[in-house]
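Both of the next two complexes hold subunit A, though its partner changes from subunit B to subunit C.
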Partner chain A sequence: MKRNFSRKVAVIQFPGVNCEYETARAIRTVGLEAGLFRWNEDPAVLDDAVAIVLPGGFSYQDRIRAGVVAAKDRVMDKVSELAAAGMPVLGICNGAQVLVESGFVPGLQWESVELALAPNIMEDRSGYYCRWVYSRLEETGTAWTGSFSEGAVIPIPIAHAEGRFVTENEKVLKAMKENGQIVLRYCDSTGVVDGSFPANPNGSMDNIAAACNREGNVVAMMPHPERATWLRQVPENLPDEWGRRRRKGAGNIDLLEGEGPGRKFFASLLERLKQGGVL
Partner chain B sequence: MKAKLELWVGLKVIDLVTQTAWMTFTEKLNYEGILRGLRRYSYFGIEVEGEEFEGTVEEIDRAIQLDSAFTNQNKHFYRLLAAGTDALAGQDGRHGDDLSLSVLLASDSSSLSSRGTLAIERDYPAAGRGERNGRLFSFDCLIRPSLRDRELPYMERLNGRLDGAKVTDIVAGEVWRITVEGADIEEAANIVDGMVVTRSRREGLLMNPHYQRYEVIASKELS
Partner chain C sequence: MYDSEVQGRAVLRPGEADAGVIAPIDGKSVGLAFSVDGNPFYGLIDPYQGGALAVCEAARNVASVGAVPSAITDCLNYGNPEIEEVFWEFKEGVRGVGDACRKIGLLTEEGYPIPVVSGNVSFYNQGKSGKAIPPSPIIACVGVLDDWSVSRSIGFKDEGDVLYLVGEPLDELGGGEYYRTVLGTFGGNVPKADFIRERRQIESVIEMHRLGWIKAAHDISSGGILTAIAEMAIGQDPSNGLGFVLDLAELAPTGLEPEKILFSETGAFIVELPAGMEREVLALCARNRVRLYRLGEINSFPRLEVIDGSERLAIWELEELRTAYDSGCRDIFGVPAGR
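Take a look at the complex of A and B:
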């Protein structure tokens, strides 16, 4: 029986990803419907979806290089077609690595690989790094960030070994800046973009935490918004308003089940779909 | 005394990364019938100074067996090749800085010292197997990080385990041995370059040129 993704956000489940269920749950918190799409299903069913999310994890066990094997999958032919036609697409962490290896982000020349998400560079350590960090919203014109105010400082967790945005072509970074394709920058808790560790947790060029294509419908972000969707997910020791709210909510299930700092990424999508008459 | 060493490390079990690469090349990137063989090794190119050649190689051999950053006896076979820099200089120019000592394995060179059991010199696909339309060429492609500071920690680790000898430089990466069919070696080299460098979603797989680089350290035609 043909699967039905009508009015749903499709969450692509590559072998080895591990954030698909919580990502679908996070999407549902804003009133959107979400369903899982196995990578080897008939890609044609994605035509009916309203948006596509590539969740975090380790597609194909990160073999060869994070995201590169999934980028060659047949389903990505369909994602390419739909993204080029304007469908909102979000890649989170490993999903971001897939989008970059697919050449959809920055997509200056569609499907050309113009960036890498390279191994982290950190002070006195190497490899996998997992921590709540701060990022500053630079671009509200994307399909996934319209509900934020520009310059918003967002506490959000990262968890990766290969998340350093880098390009060997200076023209690519210049074009990304000119086109408003840098969506999030790592910063400190006050919003100051500081290039050194720990404010920049992985050595990313220009502190980039998320980037998009020229049209803003495809966003690749290394931080995990689905892990910051409920207030209960926020650490109590954050030195900001979110930390204060979390401490105040201790023991109060209604407050704890309320909005966390990352939920607006999905609320932005809902808003965009309504504005576009898709929903 | 100065010497050049190469450490080649391979898995004792089936290499699933290589299998995934093979499937991606043949099933998703249209190299079915062109790609004939694929192997992968960890690779360390080491320059070392010491009192005398054999003692220095012995010391390095002991150190790499003790440190799992180089070999883990439970899961790896390895081959350590070594040659004195002076001896290399007299060998008809075949092993400049850009060539692998492994090319000497086939020539029964007296200047080469070899330790370990990984049979890299025999690790090629059987040339006679299957139907062929062209000649078979094999390329050893060394992929390594663009940033030198990704390799230098290996030098510190090794020097921390040495007594008399001292490592002065190290190259650390992965060697992919790619065997392809081609009309001649130039065509085969172009095919391999297209397989290695990821230029687009539909071209290349093994390295991302925005943070990695590669070089062919050995090549040969299979008879």
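Take a look at the complex of A and C:
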């Protein structure tokens, strides 16, 4: 039986991803509906979806290069078609790698690969890195960031070994800046964009943590908003308002199940869909 | 480093507290706590205590976040069992694990042991010379919480809160951090697992969690009371800059010399409670027949100080402690500082 994605956000389940369930749960916290799309289902069912999310994990075991096999999956032809038509698409971590390998982000020339998410190299640190970092919101005009205020400092976890945005073509970076395609930049807890570790955790060019296509409907982000959707997920010793809120919530499940710093990415989508009359 | 955030259910991550905590079921308050622990140096002196103390510590770790120790799994690492002495070490280790599970017991089912639900044995762990590794039982403990929202990180929370020691240091520093790293010796007087004492202390700390009193808790293990307090200072929100003065006069009734008070690894807990709870906490501990010492109040100076009455014995800036804590492995493995 074909599944119905009408009014739903489709979370694409490639073999090897491991964040699809919590990503769907996180989407539901803002009142949106979400469903999982298995990679080998008929892509045509996605026509009815209101948005698409590519979750984190290790699609196709990260064979060859993270995200590159999934980028060639036939479902991505459908995602390309829908994204080009303006449907909101978010890639989180491995999903971001898929979007970059598909040539949707930055998408200056649609479907041509202009960026890479290269192995983390920071001074002489390298390899997999899992921790809470800070990012600054640079662009509120995307489908996924409209509910934030410009310059908002967002604590959020990263967990990746290949998250360093790079391009060898300076024109690409220049165009991205001019077009407002840099969505999030790594920063310190006060919002200062500092190129050195630990503010920049992976050596990403210009501290880029998330980027989008020119139209802003497709966003590729390395940090995990679904791991910062509930207040209980926030570490108690975070040196900011979120840390204080988390400590105050101790003993109160309702407070701790309340909003975390990353929920607004999904709230932004709801807002956008309502504005656009999709919902 | 591994992915401690996947599935989005984290409440406390590794390093934030003595045990990791997750909220496994949507809309339910039930929580699960996990801890893995083992100290090969105790087993080197006394393989029975090595096994028993590993269970005690794993159980303490989950109790530190308010969870009831509910099951363990073991990973028993020894040398060549064909050698009689090594097999004896193994046998003693298993006896220690079994005794601890039976005598600490399930808090929720009187008379039942903490179940050992699985395990693995690894023999023939030896160097090229044939010398066996120290007996190394590693214990993982699962704890269950009625309400995960009571679980707190080990870090200091607020100025004016009071630190208490639930338990008491004994003169048993053998195999401990102080002997090995400061004095360069093992000693022979290894801590003796006291299962009844452990059980009572664990019950008391879980009860304090349930009552919503605990703002931070940390168990005493490697490095003793001083290390535990330092870790609680290091674990706080770094923008808070809270500190503590440990006055050994508060622990004078133990009758121990300063270094024994500071570094004894006798199983116990340090808890941070709001001010003004002295009577309640004393009553709770008296009822549960556990020792309690009021250690003092958290202050707003970012340093850790040890005094003995009017005499200052040591003082560290918080930043100095944090740097030492964060770069310990780098120093050992020869990675230059600042990376």
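Before moving on, here are some points about what is shown:
The rule is simple: the second predicted complex is superposed on the first by the 277 of 279 C-alpha atoms of A that agree within 3 Å, B and C clash if a C-alpha of one lies under 4 Å from a C-alpha of the other, contacts with A are read in each partner's own complex, and residues count from 1 in each chain.
In this section, contacts are C-beta pairs under 8 Å (C-beta built on N, C-alpha and C of every residue); 3 or more make two chains touch, one makes a residue touch a chain.
Quick caveat: nothing in here was measured; it's all calculated off a predicted structure.
In the superposition on chain A, A:111 contacts subunit B only, with no contact to subunit C. By the document's definition of touching, neither partner reaches A:217: not subunit B, not subunit C.
In the superposition on chain A, contact is made by A:256 with subunit C only, not with subunit B.
Of the two partner chains placed around the shared chain by superposition, subunit B is the only one that A:64 touches, whereas subunit C remains out of contact. In the superposition on chain A, A:119 contacts subunit B only, with no contact to subunit C.
In the superposition on chain A, A:73 contacts subunit B only, with no contact to subunit C. Once chain A of one complex is fitted onto chain A of the other, the partner contacts of A:26 are limited to subunit C, with no touch recorded for subunit B. For subunit A, the partner with contacts to more residues, out of subunit B and subunit C, is C.
In the complex of the two chains, the subunit A residues touching subunit C come out as 18-19, 21-22, 25-26, 56, 123-125, 127-130, 157, 159, 189, 224, 226-227, 229-230, 232-233, 235-240, 243-244, 247, 249-253, 256.
By the touch criterion given at the top, residues 60-61, 63-65, 68-69, 71-74, 76, 80, 101-103, 111-116, 118-119, 121, 126, 164, 166-169 of subunit A touch subunit B in their complex. Only residues 16-17, 20-21, 24, 28-29, 145-147, 150, 153, 198-202, 204-211 of subunit B touch subunit A when the two sit together in their complex.
Interface of subunit C with subunit A (complex): residues 1-13, 16, 23, 26, 29, 147-150, 152-153, 155, 157, 212, 215, 235-240, 339.
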